Structure formats: structure tokens, C-alpha cells
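The structures considered in this document are given below.
Presented sequentially are two complexes of chain A, the first with chain B as partner and the second with chain C.
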Partner chain A sequence: MKKDPRVVFGRCVVYGLAWTVLAFLVLPMIIVVPVSFTDQYYLSLPKEELSLQHYAAFFEKEIWLAATLDSVIVATFSTVMALLLGTLCAIGCWRLASNAAESVRTFMLTPIIVPTIVQALAMYRFWIDLGIMDTYFGLILAHTLIAIPYVVITVSASLANFDVRLEQASRNLGASTSQTIRWVILPSIVPGMLSGALFAFTISFDEIVVALFITSRNVYTLPKRIWDGIQDHLDPTIASIATMLIAVTLALLLTELWARQRRRARLTARIEAGEG
Partner chain B sequence: MPEGSTGARSGHALSLRNLSKVYGSLAAVDGVDLDVPRGSFLTLLGPSGSGKTTILMSIAGFVEPSGGSILLDDTDITRFPPDKRNFGMVFQGYALFPHMTVADNIWFPLKVRGVSKADASAKIKNALELVQMGHLAERYPSQLSGGQQQRVALARAIVFEPDLLLLDEPLSALDKKLRADLQWELKSLHQRLGTTFIYVTHDQEEALSMSDTIIILRDGKIEQQGVPGELYEKPATRFVADFLGKSNFLEGTVGEVKDGAFTYVCGGQPLVQAGAAKHTKMSGQVLIALRPEKIALTTERPAATNAVSGQITAFNYYGSAYHFQVKTEALGDLIATTPAWTCAIEPSIGNTIWLGWEPDASVVVRDR
Partner chain C sequence: MHASLRRVYWWLIAPAVLLMLVFYIYPLIQVLWISVTDPVPGLGNYSELIDRALIHRIWMTTIRVCVITTAITVVAGYIVAYTMAQVGERQRTWMMFCVLLTFWLSVLIRAFAWVMLLRTQGLINTGLQELGLIDQPLRLVRNEFGVIVGMVHFMLPLAVLPIYSNMTGIQERLVSAARGLGASPWVAFKDVYLPLSKPGLISATILVFVFSLGFFITPALLGGGKVVMISEYIQVSFEETLRWGQATMLASTLLFSVFLSLALVARFVDLKKVFGAR
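Showing the complex of A and B:
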């Protein structure tokens, strides 16, 4: 069958646009890869040869490692806290299923709605009064507050798909409320909790505005150090860090894909074995 | 003897006393009194919105009644939480835990009672054998067919020897043939266990085939209750005669009453009905329900006491039976069914045939 030229043209436009947008999104990220191998001492593309010196610099200079460690500590603790509080909040609202619960859930979203700069300012004022400026606890608390809404959203979404009859079945079979949460509800919302945790970790690891406001010398996170690095002398170490972060993210993503595929393959194998 | 063994074998009795549940201004259950005898198979039958599921959910403890009480062997359990009632339940859609294997699903009620999997293994095995699922213990629910999931749900609901087994339309998601097979299985399971079964359905065939007692519900009230045969043969109201099986309704004016029978005139046609002329209206109107299979179809005028002729306007062939729609002068449109292999008339549209029935083939019903 001969194709209508208008259809062909339309398809070209659609594909062209799609690829352009994709390139626009991805290229700026990928550009840091060649930059990270530069042989120069400022942010630029390699001139004479490829060099690993900026990777070496990251592992040799104490400030980078210390900043990474700080970021990991803060992100880990705030993820754990956001996950715990956000999940409890989501389950509570889901169980109540009332208008009040709905208002609570909406209220939990305020950290996403209020501009970060406004929040940072508010925290700055309040953290001084609390005496937790420039402490790990202060920053962990701030990041927990920022991350909770994401956990509430993802866990609530999981619960929305959760069959109420499973909870009823559990209670009917003699399980108490806490046994039901532990053995029936939690296993069903693990995917939601995992993606909530991932959001929380990423947000904390990436966060700079609040960190700039409420930390100074004691707590020095990676984004803050990178910010300083750019301010001072366009240190190419930043590009090497960015490249490593991209690599880690890609590795995580691929692992997840691989695990999912394996799970599916196992399931199919089991079904076929059972039927054969 | 300890409660666990004798109790489950002889079954428990359940009573509802003036049970009601009001949602806003709507009474889903409206003052229901009901006694479920020990070890019986009782079915709550009704169309959607008749309150049957609300009653079952109240018994299970998931719906808090607005009024009245629920008694288990004279113990008031109205305010007991669901997990303290010890009732097994088979849910619509089975509600198996998707992240547990079949064996773990069945272990669950024992696990929450503090029984380790090793100690529970014999009971799990027995329960699986009872529903013929022993070979699939390590599968996950998503790897089972609907009928298999249904059997697992059943095994899970009986493994902890519950005082009652509640079944909420358990067969509604299955295809017709499987549904028929499982009806046999459920009935034989009930006989072997001796547990009291309370079954909710909107399927009249299921209700008729399995129950000791059927409760017909309408708008949150009990319309009629009794053993299946009695309900089918002697429906008290137009609703029951229409909901349980099919019926033709003849509305006539009562004439002469004599010798345990009476005559009535319907559309100018005199007819005879056995029994007393009950439920007559002020105007002397009476309502008669006539089952389609109790009408004899012939080509010539039959010797039956009641006989009318009419034209076939439509017919369906079901292999085992013919269903006819017949248009009559006096009685309007009637439906009649007959076994296909003994069908005495030529099934073709426009054909004129005779319909005949004896006075005791039909019943007087209340119009409500």
C-alpha cells in the first residue's frame, strides 16, 4: 500500500520533535562526560589528551570525600525518617478515609507547593531559635520535611490500588490491626515505599537552597561544595563527580531493570513448569 | 470435650435480632430477625441493594449495625471486632494474599494464632487435600485459575475450624460449568465439615441447589423464607414468584368459591384455581402465579381444566428445552417451557397452539 505523503510528513515532524526534545534533555548531561576527562585546569573539553587527573583529585582531596560523606549521611537519615513518617501518615489517612484525612493529605503537600526559598528562609529563622543551625540534625530534619510529601504521595498511590478486601480477609482470619499492617498491608505497598525512599534520597542528596541557608562550616554537603567549586575556579573535578553520579544512577537503573526482568522470567518459568 | 473439636462438628447457631443498618436516610437492612440453625446451609438471596451483603458484613464484623443485635449461641457478638469472632469468610474475588504462596495463605489464620509453620503443616495439608489443591501448595495466587483460587480461599477459611463459614457470592466470577461443579463440591464440603454455612448470592439457581434454607430479601427486609422446594412451589408474593424462577402473572376477578377451589375471570376467560381465594383486593381482584414449565402445550384443545389458545410469537431452543412466548387473546403474553425431546407442538412463529394447566398448577400470590 502506498503511503499518503501527508502522513509521512506528519510522522517526520512528530519524530523530529520528539528526538529534539530528548536531545535537549540529555545532551547537557552527557557533555559533562568529555569535560571530566579534560587535561586542562578549568571546565573545558580535552585539548591534547584524555586525562583522569580530575577523578584522582576527587579521591585525593579530603574536601570532596568529606562532602560526599556528609551528603550520604544526611540523605540516608532523612530518607529513613521521611519513609517512616510518610508511610505512617499515608496508612493512617487511608484507614480513616474521611474528609479530615483528605485534608491532612493535602496539607502534607505544602512543602512541595511553598517555594523552597521561602521555606529555607523560614527554617533559617526557626532553626536559630531551636539552636540547630549548622548541625547534622538540623539539616536532616529540614530534608525530612521536604521529602515527606513524596513518600506520602507514592505510598498513597500504592494504597489506592490495595484491595480493601485483603485487609478484611486478614482481620476475618484473626489478625489484629498491627499484624494486618505488618503481614498484609506493608508487603503490598513495598514498591510505593521504595520509590518514595528513592525520591527522598535523591531530593536530599541534590538539595542546596536550604543547605546554603542553614549550614555553614560543620555540615558541608556535596552540592554546596560543588557550588563553591564553581564560584572559585570552575574546577573540572565537578565534571568528574557529575559523570560518576550519572554512572551510579545508570547502574542502579539497569540493576532494577535486570531484577525486574529476572523476576518476570522466573514467574513465567514457574507457570510453565506448573502447567507442563 | 473441648470446644474446638465438638463445636466445629456440630456447628453453631446464629441469631439476628431486629438488625438494622442505616446509611444516611437509606435503610440498607431494616429490622431483620433471623435464626440460623446449627450446622445448616442458609442462603441470603436477593437482588443487588436488597441488603444481603450488608447483613453478611455485619455478621463478619465489618459493618457496624445501627440497631439490633447478633447472637452466636446466646453470646452477644454485635460489638466484637472481626478478628475476635472466629468466623471463616470466602470473599467475592477471593481476596488471597498475592505476596504469599498457597500454603502460606492457608497458614495465615494459624500464624496469627501463634502456630508455627511446622506445627501447622498437617492442617495445611489436610485443608488443601479437602479442596483437591494439594499439588499446588507452592504456587502464588496469580499463577492459579479462578476456580483454583476459589478452592484456596475456601481452604484458608476452614483451616482454623471457624464457628461459622460466611460466603459472599463466591462463585460469581466463575464460568457456568465450573460454577455448577463447585456447587456440588460446596454442598459435600458442608456435609463433611458440619459447620454452619451462611451463603450470599443473587443467583437463584445456586440458592435452590445448595441451601437447607433460603431467605429472600427485598429492600432490607425478609420477603419470605423457607426450604428451597417450598419457596419455589409456594411463593407468597409476586416478587418471590418472579425472582425465584420465572412466572406468568394472571390478574382476575374472583367468581364462585367451592370445594377448596374458586373460579376467576381473567380478560373475559373463566379459569379455576385450587385453594382459597387469598389476598383479594377490595375490588375482588386476585393475583395468580403460573410457572412456565407447568403449562402443557398441545396442538388440539386439551382436556385440562384451564385451556387457552394463542400464537407463538417467539421461541428459544436450549438443547434440553424450548422456551415459547405465546400471545393469547384473553391472558395477553405468556411464557411456557417444555422439554425439547417431548415437545408436542411444531415450534414455528405464528403457529396456533393450546396451553393447558390444572387448578393446582398455579398459586395465589400477594401483590406488593
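Showing the complex of A and C:
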């Protein structure tokens, strides 16, 4: 069939528009990298030469390092908690497969839907009553609650592809519930748990609204420092932090793509070997 | 399954559910409760929704910004997703890469980057001035324009991903068949492809609208106190005036609006699919 010139033209316009939108998406990230190497004391592109002064500021100033450490501590603990609770919940719901279990799973998604400001206000009030304002425990608890739904979603998704008969076989062969979970179910949902953990960590590491409400001086996370820095005078150190975060995100994403490609290659190889 | 075995599985679910009930749901109920009891029992706080012009204005701003953001995001997201569904493997990987990179990058960092670009002495203004295209800096931030730019940027991946995942299930043959039967490219798209991609489009619209309604970070940073949306006003009325009654009333209203929007669309689509629970 001969290509209709109208189709070709229309296609070019649509593709052009799509790439324009994508350029809009990555533009801020592309700009922030050169800005982080500026030799000026304010946010701008480098004038005379490239400088690492704003990176040095991050690594030398106590407040930035302390904030990063706080964020890592909080994110690590809340990831572990969310992963544990979320995975068990997803397994239970999946295995029960009843209407009640289905409702439980839907219920666990509440924190995704509730606006962050509303949950921040609610937690503030209750955390005062509990006496856990401005403590690591308080913030870890809050972030665990916010992250659980994402673990439930990702683990449920990988359980959906898991054959229930494997679990029954394991039981028929005499394995207990904990043995079945440990040796049969867990290994096959590791990818789902990994992406759930990644979600949980990122969410906690990036969370600002609840942190603004329920912490003040004792716990000072990186997003809170960045928030202050933006509000005050647009501290150029933030550009260097942004660049480092972009690099980390990029590395994680590339690893993920690479792992996926390798899985696919291995699968193809196996299929070919099986057929040959 | 044996009853005893069922009980074991309920025990797996219990810790997460209990934690959620005690530390999440109960505090939310407390907010609703305070909104009708502080400072005096009754619906006094809610009468402000009708009486106070300021609160009217804030709600109007919120809804306007959300509707504009949703419209732009969904259309732009559709174009990206459609192109991704059409192009070859290589180009698609690159496009997906751009979307995912944005999706995973810190919200705060993205808002920061936009402030840096758009403010009066920002890179866009200084750039345009150096090129001699403008004399006076353009006002790009601390107004609805800036807020919408930042919000569209945040929401785009949330629109592209569901639309694209729906499109991968559409059989391209149907469009070819329509063309073969004499439909013009536009008619084939409008009458065949578009209706087939409607589930993804609806999911994206709900997601973006619901998240926009309660969005705090980007409007607060790019609005710079000039464009006050409901979330930011809740923070202000809580932190600066310490009016718990008003803050909780607005929070409850926001919560109701979100659930109302979801309840309205739940009649047309399976929400569990939208939020990826299935």
C-alpha cells in the first residue's frame, strides 16, 4: 500500500509533539547539572570556569551531611517495616482470595488516595497525643504507613503471576506455612519485593509534607533542608544535591533496564535450548 | 482450605491492617471529629465554606488550576503514549527512559529546578534578556502559570504510564481494517483507536485530577504565596493562625472532594485497576 502523504505528515507532527513534551520533561534535569558546577555564589550557569565549590559545600557542611544521614536512617527503617508488613499482607490476601481479603487489599491503598496535607495534619494531632513528635520512631512510623500500599501493590502484582499449585504441592509434601512462605513463595516474588522496597525507600527519602508537620529540630531530613534552602535564598548547594540525586536515579534505572534485558535474553536462550 | 489454615493467613494480614487502623484511620477520624467540635460542636466551621469569600476564592483557584493541569497533562500524555505505541523498539526505550527518569526523580528537586528556571533572575529570563528578546523579565513564577508548569511536569508520567499500558493491548489490525474499508486516517483514529484507548485515558484523568487536588509541594514553591491552593491554605491556617477548627474543616472538605471524585468515576471504571491493585 502506498503511503498516504497526509498520514506521513500527521505522523511527523504527532511524533514531533511527543518529543517536545519529553524535552519539557527532561529540560529541568539537563539544566540543573551545569548549574551545579557554577563558579558563582548564586544559582547560574558557570561564567568563567567549572567549579566544585557547591559539592564541597555539601560534603563539608555539617547540616547537609547530618540531614542526609537522618534521611537514610528513616528511609532504611521504614523500608524494612513497610516491606515486612506489606509483603505478609499481600501474601495473606492473595492466598485467602476471598471478597473480604480483596476489601482488605483495597483498604490498604487508602494512604495513596488521602491528600498528603490531610494525613500530615491527622498525624500531627495524634503524634502529639502519643508523645512521639520529632522523634525518629515517629517519622519512621509515618513513612511506613505511607509506603505500605506501594509494597502491597508490587508484591500483589508478582503474586498474580505465581501458580497457586506450587504452594499446594509444597504443603502436600509436608512443608509448614512458614517453610512454604520461606522456600516457595518468597523466591518467586523477590522482583515484586525489590520494586516495592525501591518505592518505599524513594517515598521516604523524598517525603516532605509529613516531615514538616511532625518533626522540628531533633530529626531534620534532607528534604526539609532542601525545602528551607529553596524558601530562603535558593542555596546553590541544592543544585549539587540535585545532580547527585539525578545520577543515582539514572544509575538505578539503567541497572533495572539492564537486569530486565538480561532476564529476557536468558529466557530466550532457555527457550531456544529447549526447542533445539 | 481448612479453617485453621485460613486463620494462619489472616494472621499474616493482621499486623498491617491493625497498624493502618490505629495509626492512620483513627487520626483521620479524629480530624473529621475536630472539624465538627472545635471550637464549639456543630457545623459552624463548615458555614465558612458558604460565608467567607476568601475560602471561595481559594477553592475556585484550586479547581481552576486542577482542571487546567489535568487537561494539559492528559492531552500531552496521550500524545507521548500514542507515539510510544507506534514507534520502533529502540525509540520507545528512549522515550520510556525519559518518562521513568522523571517519574523517579525527587518531587522537591523538580520543583527546585523549575524555580531556578522560571524566577525573575532565573535562567530563562536572563537567557532571553542576553539574547535581547525581552527588556523586562517575564513573570513566570509566583503566578498560576508557574504553578501549572510545575504541576504538569509532576503529573505527566502519571498520565503517560496508564495510557501507554492500555495502548499496548490495542490491536493495530483494527485500525488497518478501518483504513482498508475506506476510512480516512483521522476517522480511523477517532472512531476506532480513540474509543479503544478510552480506559487508559479515563484512568489517567482520574489519577491526575485526584493527585492535583491535594497537591502541596509544587504549588507552595512555585506559587510563592501568590497562588494559594487549598493544601497550602490548610498549612497556613494551621501553622500561623492555629485555627484547628478551620484547618480540620478544610482538610475534611478536601478529603470528601477526593472521595467524591473517586466515587463518581467508580461508576464507570474499575478503580482497583487504576491504582494498580489488580
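As a convention for this text, the second predicted complex is superposed on the first by the 252 of 276 C-alpha atoms of A that agree within 3 Å, B and C clash if a C-alpha of one lies under 4 Å from a C-alpha of the other, contacts with A are read in each partner's own complex, and residues count from 1 in each chain.
As a working rule, contacts are C-beta pairs under 8 Å (C-beta built on N, C-alpha and C of every residue); 3 or more make two chains touch, one makes a residue touch a chain.
Being a predicted model, the structure only gives us computed values, none of them experimental.
J.: Label the relationship between chain B and chain C on chain A in the superposed model as either fit or clash.
T.: They fit side by side.
J.: Applying the document's definition of touching, compare chain B and chain C: which contacts more of chain A?
T.: C
J.: What is the value, to the nearest 10 degrees, of the angle subtended at the Cα centroid of chain A by the Cα centroids of chain B and chain C?
T.: 100
J.: In the overlay, answer first, second, both or neither for which of chain B and chain C A:Val80 touches.
T.: Neither partner.
J.: Between chain B and chain C, whom does A:Leu173 touch in the aligned arrangement: first, second, both, or neither?
T.: Touch status of A:Leu173: first partner only.
J.: Tell me which partner A:Ile91 touches in the superposition: chain B (first), chain C (second), both or neither.
T.: It touches chain C, and chain B stays clear.
J.: First (chain B), second (chain C), both or neither: which does A:Pro187 touch?
T.: After superposing on A, A:Pro187 lies in contact with chain B but is clear of chain C.
J.: For A:Arg165, select first, second, both or neither according to whether it touches chain B, chain C, the two together, or no partner.
T.: first
J.: Rounded to a whole Å, what is the shortest Cα gap between chain B and chain C in the overlaid structures?
T.: Closest C-alpha pair between chain B and chain C: 7 Å.
J.: Sort out for me which residues of chain C touch chain A in the complex.
T.: Chain C residues touching chain A: 5-6, 8-13, 15-17, 19-20, 23-28, 30-31, 34, 76-77, 79-80, 82-84, 86-87, 93, 95, 97-102, 104-117, 119, 123, 126, 153, 156-157, 184-186, 210, 213-217, 221, 231, 234-235, 238, 247-248, 251-252, 254-255, 258-259, 262, 272, 275-278.
J.: Under the definition above, what is the set of chain A residues touching chain C in their complex?
T.: So the residues of chain A in touch with chain C come to 4, 6-7, 10-11, 14-15, 17-19, 21-22, 24-29, 31-32, 35, 43-45, 85-86, 88-89, 91-93, 95-96, 101, 104-119, 121-126, 141, 144-145, 148, 152-153, 156-157, 160, 177, 202, 205-206, 208-209, 212, 223, 226-227, 230-231, 234, 238-239, 241-242, 245-246, 249-250, 252-253, 257.
J.: What part of chain A is in contact with chain B in the complex they form?
T.: Checking each residue of chain A against chain B gives 163, 165-166, 168-176, 179, 183-184, 187-188, 267, 270-271, 274.
J.: For the complex, give me every residue of chain B touching chain A.
T.: 60-62, 81-83, 85-89, 91-93, 95-99, 108-109, 111-113, 136, 139-140, 142-143, 156-157, 160
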